[in-house]
């Protein structure tokens, strides 16, 4: 029952989400030897105003 | 200070959230022997487009 | 596919974990109207030296 | 590569987020002896209807 | 600055972790159009006694 | 009831954890105008073998 949380800055298209869901599931299923059906993925699209690196909000860079 | 994060697909009504908050708090307080007041719960309602199982987005199933 | 993460200070016995798993699953299944089999729970037992409330580590209180 | 997730009830202004990003980065960089550029912070502003303490939703208190 | 958290039941070998790190990074970099260097992954190996599905601890199934 | 999760590579001393707990609590209390007592912090010390950036495990860099 692998659980995966993916947090990205900004919005993704449905096509991008489908590619991530399929690709990440394939990688983990193969590498960790887990059935694909057991892998659960959550994708969070976060505002750039709510993420900081180096102490600075992303949308101020 | 137990912390609980609950992530569900789709929206919950206020009534459902109240039941979850009360019920989960009761279970953990009793089973883990912690004061109810110390238990903190976050409920996340996620879009079905942002969750995948078996490599497929939930809203494509 | 509800996902639940529970973080507690200190160790729990197997019996406590079983009660939490069963009880929390029942509450969410009933309140949110989800099949029990779809509910995934992770329990994290954290050292009291690694949790703080009010700015003070729990094991210094 | 420290990762920090901060979840608060209600909305924060941009000014508040900037102060949190700068301040938390400074504290961790200095205390843990990590380069500031490596510190990644996510701030989540959660609805008070989706947080409970003591088994009660925050907006019912 | 995508952040990825992967939680699996049981231990992984170093070889498995390397494959997951490389593969998941490649998938997200390509699908979300992000530089590889910006992708941060945490892998958590959890005890089967601390995970439940369907209300039952994994090591009791 | 702000909740903060901090994940770092490698071990921290008790002194470092105390500084982080006190400092992060002060910053958030002041910036977000929350009572200190309501702020809950979890510090996770992760193995460098379980973190990757740019697709490479930290202990292989």
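We just call them A, B, C, D, E and F in the order they show up, numbering each chain from 1.
We take it that a contact is a pair of C-beta atoms (placed from the backbone, for glycine too) under 8 Å apart; a residue touches a chain by one contact, two chains touch by 3 or more.
For reference, the UniProt names are A, B, C, D, E, F = 4-oxalocrotonate tautomerase-like domain-containing protein.
Every value quoted in this text rests on a predicted model; they were computed, and no experiment measured them.
Interface comparison, A-C against C-F: more C-beta pairs in contact at C-F.
More than half of the contact pairs at E-F come back, by residue number, in A-B, the repeat among B-C, A-B or A-C. Here the CA centre of subunit D is 11 Å from the CA centre of subunit F. Work out the mean CA point of subunit C and of subunit D, and you get 21 Å between them. Chain centres here are Cα means. That of subunit B falls 24 Å from that of subunit F.
Within subunit C, residues 1, 3, 7, 40, 42, 51, 53 each touch two or more of the remaining chains. Across the assembly, chains come into contact as A-B, A-C, A-D, A-E, B-C, B-D, B-F, C-E, C-F, D-E, D-F, E-F. Against subunit A, in their complex, subunit B makes its touches with residues 7, 46, 49-57, 60.
Within the complex formed with subunit C, the subunit F residues making contact are 14, 17-18, 21-22, 25-26, 36-45.
Interface of subunit D with subunit E (complex): residues 1, 3, 40, 42.
Contact residues on subunit A toward subunit E in their complex (touch as defined above): 1-9, 12, 16, 19-20, 23-24, 27-28, 30-34, 51, 53, 58.
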